[in-house]
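Here chain A shows up in two complexes: once beside chain B, once beside chain C.
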Partner chain A sequence: MTTLEAGASTLDARGHANRRVPAAAVRARLTPWAYQAPVLISLLVFVYGPLVFTMVLSLLDWDLVSPDRTFVGVDNYRRLVEEPEFPHALARTGLYVLALLPFATIVPMALAIMLWKRPGRASDNYRSLLFLPVVLAPVATALSWRFVLDPLGGVANHVFGAVGLPEQDWLGDPDTAIWAISLITSSRFVALNILLYGAALAALDRRAFDAARIDGATEWEITRHLVVPQLVNTTVLLSFLCVVFAGQWTFTNVAVLTQGGPDASTDNIYYRLYTYAFTFFDAGTGAAAAVLIVLILTALFGLSTLLRRRRALG
Partner chain B sequence: MTAGVTTDGGTANDLTPDGAGVLLDGVTKRYGRQTVLDVPRLQVPHRSFTVLVGPSGCGKSTGLRVVAGLETPDTGRVVIGGVDVTDVAPGRRGVSMVFQDFALYPHLTVEQNISFSLRLEARHDRRNGPSKADIARRVTEACAMLGLEKLRGRRPAQLSGGERQRVGLARAVVRRPSVLLLDEPLSALDAQLRQHARAELVRLHRELGNTVVLVTHDQLEALSMGTNLVVMNGGKVVQSGTPGEVYRRPADTFVAGFVGSPAMNLHDVRAGTHPAGTELTAPGLRVVIPGDRLPAEVRLGWRPGDGVLERLPDAGPAAGLGAGGESTGPGLHADGVVDVVEFTGDAVVVHCAGELGRWAVAVRAGVDQPAVGDRVRTRVAAAHLHLFDATTGRRIDDPTA
Partner chain C sequence: MTGRTGRVRGRRLIPALLAAVSVFAAAACGSSDGDSGTENAAGALAPLDSATKVTIKFLSYNYGTPGLGGTGTQALIDAFEKAHPNITIEPQGVATKDVLTRLRTDTAAGSPPDVAQIGWSKMAEAVQALPIVPVQEIPPTAEWDEHVAGMSKSILSAVSVDNQVKAMPYTMSIPVLYYNADLFRAAGLDPAKPPTTLEEVKKAGLAIKGTGSEGVYYGVVDSAKSDFLTQSVVNGNGGSLVDANGEVTLDKPAAVGALTGIQDLVKSGAMPAVNTETALAAFTTGKLGMLVTSTAVLASAMKAADGKFELRTAGFPTFGSKPARPTYSGAGLAVLAKDDAHKRAAWEFIKFVTSDAGFEIITSKIGYLPLRESVATKLEDSAIVKLLAPSLEQLDTVAPYTAFRGTKANQAVVALQDEAVEPIVLRGADPGPTLTSVAEKIRKLSA
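Let's look at the complex of A and B:
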């Protein structure tokens, strides 16, 4: 940037054609761009291009394949906001977030602290087992849950029957389906966030805990007053990631197990988007939903940043 | 401010009770196959400023952690103030500790760091624990004692190294421990601050009037601060005594080489009979000392500061004298050439090389200091020579007995 400006100003000031910039300087000016080109081009093709394309798409009435497309302005957006489906899906997504938040924060934090307190081979083995849900193929996992939750002869109902509890139509009942989907999805959050909490714990100064022991703290007090407060930043970050990923990570399970039903009780905004675009082939509304999701998340992120800044000041 | 801390402890003017202080009795600690600590008996006197000193890996820090209760000994007892605390939790031993890197609680303010232990105590024992007012008063006292009044609201990350060290100290003294443990508390400070902090620690000990155990690898720190010095090597106590005793009468060649800077000069010599006692000889050296109870192989030591240098003329009689090691009186004479001259301010350390090997002599700076390449004769009076058994390394105190 500076070299460009400096070069330009030299030329302007002198105004002489014979005061040519040396070839080496030209090369020096171009080299950084050459190095950045692969990233810039792929960003353009795979991120910013589609982003702009989606924005344009959201203003059209188009089924993605037929040659006739009509510019409809903000009609797609208006329909999304006015008709009940999208607001309903948004509310259900909020419910997913609430159901998943403990599994993104408290549960993995507790497990990570336990694994960290007793390092050794057993701890390493547990860590690997707990990480497994992240590695497993999402669709395959969802399919195997279908067998577990099958109302007739599923393992879950066998267990419930054995201990004398009423059997449930887990995925068929609007009252249980969303919780079943949340619980299935929670293992992924728990698994990944144990890892992230583990990294945060590894960065803590163990000597400070020795100091606390000498200060008379019990193991629980060390956890409560020294360890947990130092995990607050990690928890804030993971809560935010939970808000972002709750919809995306439940998507697979919703698509495979319930298709948003029964009674749209397990719907979420990503599944809604997918339905608009690839079930009804209404690409414009799907794109509008995508843009709305980005706007909502951006607003949430802005709000949380604002709150954190205010708290840091206060 | 100091009066408050000491008199409230209730023991400030008591007579030293028997068995008070710290006692390690038959303590051993192994990590895998390696024995890192093997102390048959070590008494840290009540109200002493005891310094555990030794090279890294000598077991001094492990010893301190055993006293604190952060490590459990494999065998033996830890006794503090006459009470066996081997199975007592670290927080209930009446000890506090300052760590090398201070180990402050990073998310708490200076004030919260200092009051942490008191707030826990209040929570554990609502009836006899300190009240809110007690805590506030004691934190204020500790802050005043260490000059932290203006930093109470800061967090550790906002403090300099010296300030963190003072917070670590305040956190330790606010508990009014009967024993204050300091694990290399000065090594994280820069050189200038360290000098100042050394004096501060000695002052603090005087004001608190309790037992202080300090661990360091710096022998200068050990000599200058302690009232009681414990030299460790390979997990064992090699010598304990006052700094003066240890310096003047090192128990073996390890202590002789470790304590004192520049290090003691050591030479392997052979002991032979002589009408006046024993004659110690080495190439370029002959010394006659009274007494004949010496092994055949002896290590002869002397402090660089005990040597006297005189410049020899470039040629002539000096060469003859040096080569033959002719003794011209009692004590040691060795001739050599000045190899390196190290200026240290008040003194100059002259490193010499000769037939005897290499040795260092510390002389006053200024007046007539030798230059590199000068031929010099070193004299050491017989009274300043230290003798060690060459095979065991132990000191030979009195060759006449």
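Let's look at the complex of A and C:
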């Protein structure tokens, strides 16, 4: 019998393949899978399983409780597209993204650069204070804002009144509510992204900037021409994360403060999904909305990847 | 009910005498998790014996809240467990607007609570969608009759469906006019003569507004998406949201006129264009003269007013000479228990909390209406019942809560409140076309 190689099939005296694989080879093949199994099983159970279940659910008419689940094909998707609520929520989510984008990029980048340029205890303290909104309970924060923005005696209107500006019903006026929700949510983006910009800045070689200073560059020129260009990749990543998380992170504030109102002006796709599934108990439409959200985000991610590749090639 | 039906079928083979003996034997030998509750001849359940230990889950939107609702509910549970040492209550808190969501998901997961406090605006959908056991079916008829004998007949009649009480009236309230007597005096109004009609309310509101405070607030824009005050206002103008045949009538002239009247309060400046929570905060801090909302907030309002201003109440204002027809709000207790022991234990709990002892706690500690005259009489000298007196006088005029047809009744109420009531009242939307458009949407949802 000729052994071809360790762990491969073997040939008998007449040259026929011997189907018995040595135990060691089997172990060698299975060992990587055994190591990966906990992660793969977890992914299957907690991510891909529910995803498939959601896809199946999106084809049904079901109220979450009744034993009757009717297969309705793509009716839920058709209704989502045809009725005005979901497209409206999608458009409002786009507005949230636009409103939050500066707070996900420009503001934290500026703060992170300032902190990075003045290392020391004071900088560390500021960094800790600025990070605080990330760890505060979102519902408690939202409730606090309700008192601040109360139209009859809230702090915001007291301040406006003190400087002679007209009082506002910040959360009750369709023209101001979405901006109020965006501003409340912005603190989380700023807080987290300062940290991420800080990590990117920490990787930069300070000697290059010292060299520029010796050559006579001003601090603004160093920031504008040396620091910011090196943060482009981080900014692109954080912009994409803003697109993904704008709807999710505004959800709590919308649920606590406005419930999508007034006149659906603060609605977003995640709150709409929640409303379909858990206020109207239309599980099929809620699931269809979830699938559409995944498809939209996947398309955006694909587009962004394509554009970056083309730019790299160009 | 399937299990019970199966057992009844099985007993057809057993002579009547043996069946009766077995029923008594089962009643005497209950277990903690089995079907130890026993059925009487009518299919109802006889009392548990004292050796039977049962734990029942009670879902309540008052439980665990930081205010009087939370402490009052805990007091009810404590008093019940003291009186029934064999039954343990496992309370579960939930936000008011999430009650149906929680019940649906718990039921889908196979573990609904045994008893749930469900708001009346969501009761119709709950009865349709959830495996609710009609509470009147649980005890023997004589026991039921004896228990409800002292309760408000008008409320029991209002909550009955097909002559049967599906959920027990529990924390009940009707709308009332709260007013700040100090702000009345400051505006030159006589607090002994509170307004009784919408016109008088507007006049008084404008007078108070003239002193720098806010005038009046009708709490029709409710963040919990309940339409009970909308119904009360529309009923008061001789209209309805739904007629006797279940047809949507919220775009008829009476309903349009009712909301136009409330909108006029805002347009005139007598009422601030804010939501109910903001108005309640303004009232309890002495910045709002009058507040028309549920008696449910009475205890909290009394606590807030204590030492700050004189709180008084008056009956729900009418539209001119038309009679007030307030509908009720608050909640009923529904049973979702699966087995007989838990059903009977659930009934014991419901029976206790709606007894004299229960309503005494509900009224004195939480501020809901005492639905037993004996309790109202016993507490008549208490400050809270004195303030509830105008509502108790209007109790006989209470109109049933009307629900939209179909399984999407909750969605219809949300559409009514968000797309019609709020834009009309707070943002000056034209009542006629707005109600017509929303009525069409609700008709489609009800189809």
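Worth pointing out:
The criterion applied here is as follows: the second predicted complex is superposed on the first by the 295 of 314 C-alpha atoms of A that agree within 3 Å, B and C clash if a C-alpha of one lies under 4 Å from a C-alpha of the other, contacts with A are read in each partner's own complex, and residues count from 1 in each chain.
Operating definition for what follows: a contact is a pair of C-beta atoms (placed from the backbone, for glycine too) under 8 Å apart; a residue touches a chain by one contact, two chains touch by 3 or more.
Values in this document were obtained by computation on a predicted structure and should not be read as measured data.
With both complexes brought onto chain A, simultaneous placement of chain B and chain C is permitted, the two fitting side by side without a clash. One of chain B and chain C touches more residues of chain A, and that partner is C. By the touch criterion defined above, A:D75 lies against neither chain B nor chain C after alignment on the C-alpha atoms of chain A. Look at A:P262: by the touch rule set out above, it reaches chain C but stays clear of chain B. Of the two partner chains placed around the shared chain by superposition, chain C is the only one that A:D63 touches, whereas chain B remains out of contact.
By the touch criterion stated above, A:R213 is placed in contact with chain B alone, chain C being left untouched. Once the two complexes are overlaid on the shared chain, A:E221 sits against chain B while remaining clear of chain C. With the two structures brought together on chain A, the opening angle seen from the C-alpha centre of chain A toward chain B and chain C is 150°, to the nearest 10.
Of the two partner chains placed around the shared chain by superposition, chain C is the only one that A:F281 touches, whereas chain B remains out of contact. No C-alpha atom of chain B lies closer than 54 Å to any C-alpha atom of chain C in the overlay. Residue overlap on chain A between the chain B contacts of one complex and the chain C contacts of the other is empty. Interface of chain A with chain B (complex): residues 205, 207-208, 210-217, 221, 225-226, 229-230.
Taken together, the chain A residues at the contact with chain C in this complex read 63-66, 146, 150-153, 169, 172, 174, 259-264, 278-282. Within the complex formed with chain A, the chain B residues making contact are 68-70, 89-92, 95-97, 99, 101, 103-107, 116-117, 120-121, 124, 171, 175.
Only residues 98, 100-101, 104-105, 107-108, 129-130, 214, 223, 225, 272-275, 277-279, 281-282, 285, 287-288, 407-408, 410-411, 414, 418, 422-423, 426-427 of chain C touch chain A when the two sit together in their complex.
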